[in-house]
Every structure is written in C-alpha cells, then in structure tokens.
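In the two assemblies presented below, chain A is common to both, partnered first by chain B and then by chain C.
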Partner chain A sequence: MSVYVDARGLSCPQPVILARKAIDAGQFPIEVRVETVTSRENVRRMAEKQGCTVTVETEGDEFVLTLTKE
Partner chain B sequence: MGPETLAQVLRPLRALFHAADYPELLVGLEVADDAAVWRITDEVAVIQTLDFFTPVVDDPYLYGAIAAANAMSDVYAMGGEVALALNIAAFPKDLPPEMIAEVLRGGGEKVAEAGGVLAGGHTIDDEEPKYGLAVMGLVHPQRILTKGGARPGDALVLTKPLGVGLVATAAKGDEADPAHLAEAVASMARLNRTAARLLREAGVDALTDITGFALLGHGCEMAEKSGVRLRFDLARLPFVRGAREYADAWLFPAGTCNNETAYKPCVSFAPEIPEEVQQLLYTPETSGGLLAALRPEKVAGLLAACAAAGQECWVVGEVVEGEGVELR
Partner chain C sequence: MRERTTRFFASAWGIVLAGSVIGLLAPLLQYWGNPPNMGICVACFERDIAGALGLHRAAVVQYLRPEIIGFVLGSTIAALVYREFRARGGSAPLIRYVLGVFAMIGALAFLGCPWRALLRLAGGDLNALLGLAGLIVGIVIGTQFLKSGYTLGRASKVPAVVGWIMPAVMLGLLALRLAEVKTSETGALFFSQSGPGSLYAPALISLAAALVIGFLAQRTRFCTMGAFRDVVLMGDTHLLKGLGALVVVAFVTNLILGQTQFGFAGQPVAHSSHLWNLLGMTLSGLAFALAGGCPGRQLFLSGEGDSDAGVFVLGMITGAAFAHNFGLAGNPDSVVEGIARVGGLTPYGMSAVILGIVVCVVLGLTLRAKEA
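Our next item is the complex of A and B:
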C-alpha cells in the first residue's frame, strides 16, 4: 500500500513541501501526482537529494512520481 | 511571466513601434532596459516605469513598502531620482478598508522616503490583491545608466544580498524561520536610492537591478547588451540568512524553472557548484539590489563611501571578454 500525495493544481514549492513531508514520515513507496513539468522536476530533484529512487510515469497531462527508499 | 513567454507576447509590439521614429525615446523598444527614458530637453529626460505584484508577505504595510521600493528601483537602475508615483492596485471586495489603507500607507511612506510624491492611482476589485506603482523619474540625458556599458576589466559590485525571493517563498509555504523572513523583508523594503547615489558618484559603466530574472538572468542581459562576459565568484556572493538552507530543501518557486529554461544557454557553472546553489541563483528576487560594473580603480573609493554611508556593497566578480555569465 503506497502513500498518495495529490499535488495537482498546486504551484511550487507546495508539491515539494507535501512530498518532503511524506518522505519525512518514512512510509514508502510514495506516489506523487503533479501536472506541470516544473513540479515534476522539482519533486524529482528534491527526492533524489533525500536519497530516494524516483520513477516517473506520464498519464495524459499529468505525471506520477513513485518515490522509494532502500 | 517567464522571460521566454514575455518575448513571445511582446513580438507584435515590435512591429508597431520603431525606435528610429522616436528620436526622443532614449531607452526602450530596441534597447530594452530597466525602464523607458524620454528626452524632454537637452537637460532633462523622463524615466517611466511600472511594477506591481501579489502579496509577498502577510503584513499589509510591509507589502506596500516592498512593492513601492521594488517599483522605484527601476528609476535608480537608470541613474535617476524619483519624482512622481501613482498607485496601481486591486483588492478583494471583502478586504477590510483598514488593511488596504495600510498597504497604501506602506507604499506612500516609501515614495516620501525616496523624495517623490504619490499623487493618485487606480484601484479595481479582484480576488487576489495586487499592488504597485507607476513611477516617473528624472535624469540628465547625458547621465543615463544602462545595462550596456560594461567593459572587460571592470569589477562587478552588488548592493543587497541574494535569496530574499526564496526566503519569501519558503515563508508562504510556512517553512521559513521568522527571523530569516524578517531579515529578507528588511532587505526588500530598503530603497536602492542611497546605493544608486553612491554608485553614480563613484562613476559606473553599467547598472541594473536584480529582480524577477534573478542574478543570472539580469547578469545575462548586462553581458549581452554590453558585449562582454560576466564572471561571478560564488564565494563572494552575499546571501540572506536561510537562503542556502531553503535551497537545500528545494523550496524553489516555479519562476526558478522559467529563468533556468530561458537563461541556461548563456550561463556556465564551475563543476563543483552544487545544483541547489545553481537553482538559487536562478530564483526570482523581489526588490533586489543594484548590480554595477565599474573600473577596478574606482572600487576602493566606492567601498569607503558605502561604509561611511552605512550602505552594504560587495565586490562579486569581474567583467571579461566573451559572452554570457560564468559562475566559479
């Protein structure tokens, strides 16, 4: 069961803050849904800096990032 | 709006107005700068500029003060002094009048501090507050300062620390230390008037202010318009407290990405500069400081005059032959 963060309709840095809170909570995998390239890149870069492995899928106009940690 | 979209939407205007048809327009159109300048006589030119934005802080008085300082900064960046300002504002219908009065008081007191007069304005209803000024400044036509005069060998100086935009963004997300925000707010509300006067007295080759396009974007513009390369030393760049920390937490606004997309082709970083610091330098500033290029022999005098006047000033790099902006 993955943690779900819906960050659609939010502008940066809100998606990053929400994703970061989920990472800090420590339950993985985390699924983050965003709808801009900027949000996708910012969440991806922050999560990688936090030591997460990030995979990105495109669903229509939206992006789903899956964050996992060893 | 990001720099690329801006260039796109302005394109139809370029077909309508040609600089050659307006000999009294000294700055504007083909040589876009911080503000437009129109020559009235051989002794007097008018500087015209306008800026407004949504709230950067919760306190209405400080919001007004910051928006006004930011709007007037373009006059200083052209080498002028503020004469006349008008409010441009939009407020929600249900916003208490006393809050609106505080915004206007914050802006008005800044205009008074600048030695100008606030003589009116226009306000409409809107869901999200917006406030700023249309500003008229004055300058001698022979003493206009632009982005275009930097020469190889010049030193680069900066008059406010960087990172206030990121701290304000972090504060909007409730992620900023109040002490960090207070420092950023004080910096944003500070007029560039004293800094501009000291730079004029020292004699500078090129001048601009650091706002929405960040140090790197405004640096790229100066490099392009001057036909030179700007080289900044990261170790010498001043940052407000908290900025590096919030960069580390990746709290960048969307504007950072817009600036990076637009200016990346013109910027080169030394390989050891961390990605978050690169992003920080692309992050929009609000009411940032002045960036000036001046002959290196004038730097000592400038720094002494700044110290005597209580004005911050840092030597942050140099101008070299080439193009673009380099961070090392």
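Our next item is the complex of A and C:
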C-alpha cells in the first residue's frame, strides 16, 4: 500500500511541506498528486534532495509523483 | 526540445540566468530613463499605474508603466508556448486581496518591493539593508505559520475565461498607454510632469524588456519571497541563487554606467528612517509569505491563469491608492534650504504598518484547513 498525498490546488510551498511530512514519516512508496508544473518540479527537487527516487506520470492535467527510497 | 529547455530553466543555471537578465535590464532601463535605483520596481510601478488611472492623485507618481504589462504578458506567452496555462482560482480570494493591500502599504513605507530593495543595494543605497532585513523577518514569521498548518485552501480549475481576465486587463492598459488617452483636460490618464513618475524609458523598450523578464521568470519561478522562505523552511538555496545573480550583475552594470552612490543619507527616492524601513518590509514580507509570492511572482502567476494571484495584484493597486490618498507612503529624504532632512512616515503611515502587521498575524493564526 502506498501513502497518498493529495496536493492538488494547493499553492507553494504547501505541496512540498505535505510531501516532506510524508517522507519524514518514513513509509514508502509515497504517491503525490499535483496540478502545476511548478509544484511538480518543487516536490521533485525536495524529494531528490532527501534521497528519494522520483518517477513522474502525467494523467490528463495532473501529475503523479511516486517517491521511493532504497 | 520543450522538455529539455524546461529542465534547463528548472536548473540552477536557469534561475541564475533569470536573475542575471533582471540584474542587467533594470539598471539599463534606469539608464534609458526610469527613475534612479528604480529600473524595475513592481510595487512602485503598480503604484504609478494606480496614479495614471486616477485612483490616487499624488502628482509625482503617475505613469502607466509598460513593465507591469510586459511581466504579465511575457508570462502568458511562456505559459502558452510550454502548455502550462491553467485557469484556476477560488483559494480565499478576499484574503489575498487584503494581503495585497497591506503588502503594498508596507512596500511603500519602505519605498520599494523586494526587487527594488535588491536594486537599491546594487546602487549603493545601504537603507536597502534595513528593508531586506525586514523582508526576511516577515518571511520567517510567515514560514512559522506555514509550518503550523496555515493555508488559504485549495484552488480549483475554473473556466478558461477566468484565467484570461488579467492578461486581457493588461492588453487594455497597453492600448490606453500606446494611444495616450486623455479623456479631458482634468481627466485620466494622468502622467506626472515632475518627480519619479515623469522619468521613464521609451515605452516600447520598457515593454520589450519586461516581456523577456516575464517569459524567463515564468519558466524559472523566480521569486524573491520564495528564495528566503525555501532557505528558512528546508535549507533549499535554489531560488536564492537567482537573487544573488541579480544583485551581482546589477552592481557591476551600475558601476559601468556610473549609477552607484554609497551611503544612507540622501539616496534617490528613499528615506533613512531605519525603523520604518525595517517594519515596512516586515509587513510586506509577511504578507507575501502568506499569499505565496512576491509582487513579481504574483504578476507572473496571474499571467499563467492564476486568478487568485490576479486578485492579489488588484489588492496591491488598491493599497497604493490608499497609501497615497491617506499619506501612508514614506516621504523621501530631502534637502530644504540647504539642510538635509530625513524623510519617513507620517503618524498615519506608522499606524497603517502596525495595523497591517496585526491583521497579517491574526490571519496567520486563524486560517487553517477544515478538511480532515
């Protein structure tokens, strides 16, 4: 079961804060759903800095980032 | 191609490029006619637009600045080219409006937005240090609210026409500027005959420079508030690199153009009332942090379909009208009969800054998510 973070419609830096909280909780994989390219890039940058591997899928107007560790 | 340039703009080099271009063009715009240490100032230029439209009648700060128009439309072009234009809205617009009003009141107490604070520093105006310190204090306070769960709630998708309102407004303003409309001898548009409002670069040069900056800033998410916030919140210096590039390039360009003058006293369109430079920008920094972007960033967001950012911009223009109609804006240092006089705020201005900080703190403490 993956952890799900719905960050759609939230403005920066809230998607990053929510994703960071999930990473700190330590349960992977984490699925983060965002709506803007800005949020996608910000979450990706933060997660990679935290040592996560990030894959991105585009679903219509939305992006789903999957964060895994090790 | 599109994906590759997107990755470049998102990289450290991308943000450094955006900061460098702003740092180069702003002093050049000053060289070509814009006011001293005000090659670009989002707050001042929105205030000048409020004046040109007659929303305030401070005769020295009225001009329909093409830079603001270009920032929004440059962002719109970038968003369309990269298919990122998304009409969205409905995230506490009235709160954003109030934040915009007080953000402007704070900025005009200091006499500049964060961009101008950086440009003033790059021109040798050391009062900018107080402004930047205040900005950081405000952002640190705002970041604490964000950490403890402050939110303006989710924006949702809205019909495309909503996202097009701000670009359309800017096209309308551009038409007014280019036609130099004057409805009657005492009617709008109002253009200053003296003072900072009477100093401007040729309109098409201003517009072209701003379109380039708007395009780059949309691609790179250049934001002066975000730069400090990201450092405080998670030690991320990505956006801060852009600010560093801006200051360094602007400083060198000013040196080459002979536009540098070091000191506190008698700086152009500035006052050396230290406490109120600090507190004015504290208010602004806090309001920007709560609204999620500096004045420049709000313009770029409004250009890519974010109608909530557009509401913030309209709040700032309203705030400018209040600031000048009620005498809240900072008075520059001046020389009267050979005696240097320190400018600063009227008691009304001081009260407004304090009121603004109180309002922002109350909002920061009370706005929490309702959903589980």
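As a convention for this text, the second predicted complex is superposed on the first by the 70 of 70 C-alpha atoms of A that agree within 3 Å, B and C clash if a C-alpha of one lies under 4 Å from a C-alpha of the other, contacts with A are read in each partner's own complex, and residues count from 1 in each chain.
Criterion: contacts are C-beta pairs under 8 Å (C-beta built on N, C-alpha and C of every residue); 3 or more make two chains touch, one makes a residue touch a chain.
Owing to the predicted nature of the structure, the values given are computational and were not obtained by experimental measurement.
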item	value
Three-chain arrangement built on chain A, chain B and chain C clash or fit	clash
Touching partner for A:Thr53 - first (chain B), second (chain C), both, neither	neither
Which of chain B and chain C A:Glu35 touches, first, second, both or neither	second
Partner chain in contact with A:Leu10 - chain B first, chain C second, else both or neither	second
Contacts of A:Asp61 with chain B and chain C, given as first, second, both or neither	second
Chain B or chain C, by number of chain A residues touched	C
Touching both chain C and chain B, counted on chain A across the two superposed complexes	11-14, 16-17, 20, 36-38, 41-42, 45-46, 49
Interfacial residue positions of chain B with respect to chain A in the complex	169-170, 173, 175, 248-254, 256-258, 275-276
In the complex with chain A, residue positions of chain C that touch it	6, 10, 82, 84, 86, 88, 91, 146-147, 151-152, 154-157, 221, 226, 229-230, 233-234, 236, 238, 292-293, 308
Footprint of chain C on chain A - complex, ascending	8-14, 16-17, 20, 35-38, 41-42, 45-46, 49, 61
For the chain A and chain B complex, residues of the former touching the latter	11-14, 16-17, 20, 36-39, 41-42, 45-46, 49
